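Alright, structures below, take your time with them.
Okay, so subunit A shows up in both of these, paired with subunit B first and subunit C after.
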Partner chain A sequence: MNSSEDLYRANSIRVLSRIIDATMLGAIERYLKQAIVDKNSLVSSSALVSGILLYKISPEVVRRWVNEVTEGVSSQHEMVQYHALSLLYQIKAHDKLAVSKLVTQLSKSPMRSPLAVCLLIRYMSKILHDDISATNARAAYQFLESSLRHRSDMVMYEAARAICNLPGVEMNDLSPAINVLQMFLTSVKPALKFGTMRTLSEVAAKYPMSILKCNSDMEVLISDPNRSIATLAITTLLKTGSEGSVDRLMKQISSFMNEIADEFKIVVVKAIRQLCLKYPLKHRVLVGFLATFLREEGGFEFKKAITDCIVELMTAIPETKEMSLFHLCDFIEDCEFTALSTQILSLVGELGPSTSAPARYIRFIYNRVILENAAVRAAAVPALAKFAARLPSLRPSIRVLIKRSLLDEDDEVRDRATVALTLLGDNDGEDEAGADALVEGGHGAEETKGDGPATAGPPLGKPTTAHLLLEALPMSFSSLEKAVKAYHQHMPATAGQPLVLSSLPVVEEVAVPTGIVAKGAGKDGRSGSASAAEVAPDDPAEHVYKVPELERLGRVFRSATPVELTESETEYVVRCVKHIMDGYVVLDFTISNTIEEQMLRNVTVEVEQSDPDLYEVEASVALPELKCGDTGHAYVVLKLAEGNAAEPAAFSCELKFQALDVDPATGLLEGDEDEEGFEEEYPLEQLNIATADFMAKVSLGDFRRGWEQMGAEAEVLEKFALGFKRLQEAVAAVEDFLGMQTCDGTGSVAAGKKEHALHLCGIFVGNVPVLVRAQLNVDPQAGCILKIAVRSNQPDVSRMVADCIQ
Partner chain B sequence: MNSVLICNPDGKLLLSRYFEAQSHGSECAFEPSSGGEHTAAGSLRDTAKGRSSTLSEVLGQTRHLWTKGTSECPQVARAKGGLIIVFGAVEDLLLFLCGSGECDELTLADMLATLAKVIVALCRQGGKHQRATETAFLSSNGTSSIYSKACLVIDEMIPGGILESLDSDAILSSIKLQKPTSAAPVAGSKKGR
Partner chain C sequence: MALELLPQVKAVLILDEDGGRVSCKYHDRKEFPNLGAEAMFEHKLFRKTKSVHAPTEADVVLLDDVVAVFRSGLDVHLYVVGSTDENELILTAVLDALHETLLILLRGQIDRRTLLDNLALVLLSIDELVDAGKILEIDPSAIANRVLMRGADARGPQSSDVNFPQAIASVREEFIKRMGN
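Here is the complex of A and B:
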């Protein structure tokens, strides 16, 4: 390392940087600092690269080299400049202001190394991404624009890419970058063409109009020998192409689709889907094109992508329905993938009966019964049965077909055929009573698509049993599994009675609150995953059942989404989950201690309500001990006062505990084990209980039928004026106020509409099913008018739900 | 920088260098392991699995370009996980460089140009008309072979996956443990762009 030979010095630095540990680094630091400012570029570069590697081992030592590294940035050697800038950024990365200063300063004095300029552009782009409104944003943009005229292609490309990726960039600002990219499209270097196409395809997703001028150049690239470039070109063109160019593009794509890998084909298929949604009039060409490739060679993923795409287009563009169904039927005639065949068969069963000529699908389905494996045969039988159930004219013939499956070699097929024939009325009278009992008890969480023919009502002679064929299970299989597990875990008093769907606990489809997962992630992956697991356990009330003091309260009806009662960076992080029970609310406080020098004992949360008549604090369960980094639970049991069904209330909360000093190095108490510690209080944010917390977000099957069955005896009608300007906002707010599940796909509003009908359903605490019909009108003068009708079997519940609107 | 691979024209691997082997996680990104605790043996197995999966991905994505006379300029392809492959034929060898993120296609193309130049120069040292072929690459003249020199070249050019030098002359002198000649005092100044 002290050799006079530069080459030996450089190599010894490289070797040392690989083998040295943090404690030894101090001993050679002096030499490394000297090496950084060495006049020989090899030595200097080696020392800087070593610095980049050593920064991971011992950042505090490398940070001390900042002066030498800064000197390196102004070196006359290109590679030294590049490495010095890279290391300097690493050293300053945690200090945004310092980075901003460094970048501004360097952008004023041109650097020799194109690689270093590229780095600078990246850093600048990152700063602009973090804060586009920064005071020097305009100057930064000007630097990027001036870099578009750099002598090196690499810098020009980097600058163009940075401009294209700027958040909220305007068309005018984008245009010089697009010009440069257009020029690169005709380059002879594939790498440059590829990079340019990659950037343009990203721009096309956000600003398709801005790259129209590149279309002709991109069309040339479709025939590029490099398939990566060609695929990018074609998918970009599909995003930017006009309606007139669709036919021509399709012709060009079909010429090379066979040559590219399946994963690129999937990209093309997705782009075609977007195009079809953009130009619905072209659906015939586009769906025809997709169908062609359905028949060609390809793996499962590719075929699945096409099938999904066709199915999605069927819902988005109803005109494609019949044609697409026919294409799909054609596909299953020769389909090697069981999963796709069964999916398509079930779809044909759903949609086929409502087409103009339903009888022609029977042949396709029955062919499957004759020719395919057991799983497909088992899917074909219910599909046939659905046709029979909805079309009385075909029923006798289909019954004959299904009867043949009674002798199938597979038991599942035989079972399904038997069930279908029974429900279709093969044995009149039998099983009807049992079927009715099943239907009446059937409510729970459900994941229906909401657009099946079931919503149209069963137009047949025997609606009582045949609609069982047309309706899905009232809850998804995963919900059913969860419900049965929860039932088993906490057996109610009625255990021993026959189990029906209505006696199962309510299971909501809980969406994982991603924000909380991100906030809860700790320093290392382990604690991050642990907190993620805590946020979304299978059953959020799992640990409530383990507390002996809470056992007498019974089963949790539902658990609300967690509410943060502190900021995520504070000393003690507290989150609250409200577990709703019959007559009680259990506040489950999840508490984390982040102070290394402290251990908490006897942790409780004191709650005080604004209106003392509504709830009574019946019990409080303290957390005995909480070490740093640990998370524990404290509970408060609120009893609903007499006459209060589920009134909203606000609670002020305060964390109370005894703090004991701990040695952070050993994690042991500094004082005696039985020391009392000092009492402390820590204020938390206010906690609200709303009526919506008592409502479980679950589907109740067919909304119209449920509505009619419920009757108007306990109906409440109300009219409200809401302060919303846009219909979608109002719909989201009503959903939020009521805490109910939207039905029949009424949760989304078509663009440009002035009125909207919203259907909501849910189960109120005490297993009271509630249905809501809401009519929203938006008028520029009058604002938003909401007319709401609430039905349930208890008038006071209907009233309370209607009063949720604020 | 992810990896450097050198293959014969049939796609048989002659030399491979994976820079992300130290960071085990990214290696596994190609082929996620089945989960559970990573034992030393398990981690080695995952690494090997990840590597072979990268290799087959790289070869699969680029194979259609091998025979089309693409030697004049490096070609590009994409692979899973945002990986970019830049490759080119150097006489009778195929060179692949893979990278992602900061190490984009243009940087990789520059590296490939330098690496190709150095390998051709190494082969020519064995004889004026010696082409870069599989045989030449693997043959040994007692103490050293082009294979071992290529390893040194990669170490010199991209130690630990960080681009250090793009100057072919400087690299050639360094691997002989000679001082860079005075003609090339500034590393990287002769970039072939």
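Here is the complex of A and C:
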């Protein structure tokens, strides 16, 4: 790399930077620094790009080059400028003030390289994203705006995109960017049109009104030869379209749908769903449109997207229900996808009986029994049974139909038919009300099949003790599966009890992070599965069952999220998990030792409570030995005092142990093996037990029905004033106080609303289901008013839950 | 973190008219961890673009979570692949640079046969264009000169500038220098 030939020098730098390690870097650092300021552009670019690579290996060395790199930013050569800017930013990225200074300074002196300007725009918009209220925000915006008039398309597009993506951008600030984008729409370059369309479609999602003026240009693009552009144009138009233009758009789309690939069709279907939710009056046209697609050729994903969309519209817009059901029935007449057929059949069974002419659906369903494969037949039988159960007038004829399935060649179909018939038969003589109290035919069968002989399930053959047929399971299948597994693992704790739904361990719903709104459809699926894999948590109470002293306490009802009792960088790090059991609370202290010269023996945590009447320290399990770097558990068992259901309490905690000196090099004890060590105490932060700790976040199925069934006998009404200015904050705080699961999507507040109704449910320790309705009103002057109604089947539990609000 | 803002090229590909590889260079090991993932991506990419002929202007396609811009030669397609939120025009600039460079190096012939015959030049051009996903140079004549080892800059080929007496002079100089040793 000391050759006089520029090319040799440049190439040797590039190669060296790939193979060198941190220790060798010092030897050539001098040459690299020289190379950065070399007058040849290739040499200096190579050195700068190598710098970006080397930054990962040893940032402190690269940081020393900052003067040379800064010189590079003002270089003659475009690429050198670009590379120097990116390296300089990387060096300074951790220091916000320096970055902001650098960017502001550079934005004043125009740079020659379009790439470098693009980069500068990105840095600028990053600063604005992090802190929109920065003092120099206005100047930053002006720089972006002036970049809209740059001579290079690349820069203009980058600037327009940056402006459109600014958080909370004003209409006025947006319009110059939209003007530029509108101009780009008529460009001949497909890449430019594509990029522009993509940006516009993102803007349309947030500010549909701002791009109305582009509509005519976008309509031209529907016939663009590039299908990606055409699809983007359509979906954007669907977002911005007014109610009047819907019909015209639909005509245009139907001519175009045949030409595009399935994944684009899915995008269009999703856009139509949005449109339909926006203009419910147009549902006839739009649902009809979706139904036409359902009849046309298409893969599983596409058909599934349409069915999901129709089903969603059915719940959102009740008027579409009957029409949509018919479309779906039409579809399963000729449907090659078993999964969709079964889904639709169970839906028809659910909704069909409550329509105006339920008898019409029987033919559709029975056709499936005659024509389809075993899985679909098995789904059709319970659907028929549901009609029979709900509609006494049809019962005799349906029984005849189901009887034919008794001789089916598939055992599942036969089983389901038998179950259905037994139930229907026994209830034949009873009155109308009795018909509702039928055994859960379909679900019962699935349950016994899925869980094997271990689950006896609800007693099937005895209609007198039957579960309600038309009720859904009280929990989802996945939580049922988890619960049964948990039950299995800790058999000894519950040995001898019959397995019924209510004795299953409570499985808390893990909030799956919905993730960032994925950019492509493919990404969506992937991130979904990835997060599902991450979430699969191990049971936090796992190790509690392994401690012999704790075994007799029974099963853990729920485990609270860990609480840190020390700062994370102290000598001993302690965190506590509260395991709630029936009548007991086990405090599970996770202790780690970070001192190399010490080994801890006989580690206990001593807790002292503020109010000794509430809890009684029953036992304490010590951790026998803790070496450096290890983590261990110590336990304290608290017994709830008589008459204390779940009162909040505060505990002061102290770590007690014997410290022994250890030789850090060998890890062996310095003294004798049986040396006593010196007693030590280490104060920890205070630990609180709140009533919310006793509440499991579980959703209990249909909230409204649950609410009505529960009745007002044990209802508690309260009114509170809270000190929140924003509705969303107040909602989050109420959720937090109560520790309950939100239902019906009431956890999120529409922007700009003044009031909000929140539905919460959960299970209190001792398997007491609790439902809460909260009405929140926010007044800018008075703060937040909360009206809360708590229902459960025990008045004192309701009272306690209501008292959780602070 | 700081690197996320830097324009990144995930891959530069050249595929023939049956979707077979002529030359492939992947820079993003997260997205394309192994040969299988690469082959699957190429297959998908090719299926979506084979019917489009884009000889003069770069066309663009959105594929899962990447954006690919591409241009067609006689019987080959050139692709530059970036992430979905990349500026398409930057990718296009890279693609155009590759296309121009190959035109210079292969004297206007971009077809499968010529590319394979001059594979060394093709591979070197791609290496000079993008280094570890970072754009190194987008000036076609500069890249061409570097590939041919004629000099680091965009100046025209030096050999043609040198006339006969100058050449004699430089040879003599060199000769004397060596005699001196």
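Convention: the second predicted complex is superposed on the first by the 522 of 806 C-alpha atoms of A that agree within 3 Å, B and C clash if a C-alpha of one lies under 4 Å from a C-alpha of the other, contacts with A are read in each partner's own complex, and residues count from 1 in each chain.
The criterion applied here is as follows: a residue touches a chain if its C-beta (ideal position, glycine included) is under 8 Å from a C-beta of that chain, and two chains touch if they have at least 3 such contacts.
Just so it is clear, the structure is predicted and the values come from calculations on it, not from any experiment.
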Query raised in the report: A:R704 contacts which: subunit B (first), subunit C (second), both, neither?
Result: neither
Report task. Could you say whether A:V188 touches subunit B, subunit C, both of them, or neither, answering first, second, both or neither? Result -> both
Query raised in the report: Between subunit B (first) and subunit C (second), which does A:R14 come into contact with in this model arrangement: first, second, both, or neither?
Result: both
Requested in this report: Pick one for A:Y89: touches subunit B only (first), subunit C only (second), both, or neither.
Outcome: second
Query raised in the report: Should A:D6 be classified as contacting the first partner (subunit B), the second (subunit C), both, or neither?
Result: both
Report task. Could you say whether A:Q76 touches subunit B, subunit C, both of them, or neither, answering first, second, both or neither? Result -> first
Requested in this report: Figure out whether A:L53 sits in contact with subunit B (first) or subunit C (second), or with both, or with neither.
Outcome: both
Report task. Applying the touch criterion given at the start, work out whether A:K206 contacts subunit B, subunit C, both or neither, answering first, second, both or neither. Result -> neither
Report task. Applying the touch criterion given at the start, work out whether A:H633 contacts subunit B, subunit C, both or neither, answering first, second, both or neither. Result -> neither
**Report entry** Footprint overlap on subunit A, comparing subunit B with subunit C
**Finding:** 6-7, 14, 41-42, 45-46, 49, 52-53, 79, 82-83, 115, 118, 122, 153-154, 157, 188-192, 194-195, 225-226, 228, 261
**Report entry** Residue ranges of subunit B in contact with subunit A within the complex
**Finding:** 60-61, 64-65, 68, 70, 73-78, 80, 86, 102, 104-110, 159-160, 162-166, 170, 174, 177-180, 185-189, 191, 193
Query raised in the report: Which residues, counting only subunit C, touch subunit A once they are in their complex?
Result: 1-3, 5-7, 48, 52, 54, 57-62, 64-65, 69, 84-85, 87-93, 131-132, 134-139, 142, 146, 149, 151-153
**Report entry** subunit C partner contacts - residues on subunit A that touch it in the complex
**Finding:** 6-7, 10, 14, 40-43, 45-46, 49, 52-53, 79, 82-83, 86, 89-90, 93, 115, 118-119, 122-123, 126, 153-154, 157-158, 161, 188-192, 194-195, 225-226, 228, 261, 518-520, 522-523, 526
Query raised in the report: Which of the residues in subunit A end up touching subunit B in this complex?
Result: 5-7, 11, 14, 18, 41-42, 45-46, 49, 52-53, 76-80, 82-83, 113-115, 118, 122, 152-154, 157, 188-192, 194-195, 198, 225-229, 259, 261, 263
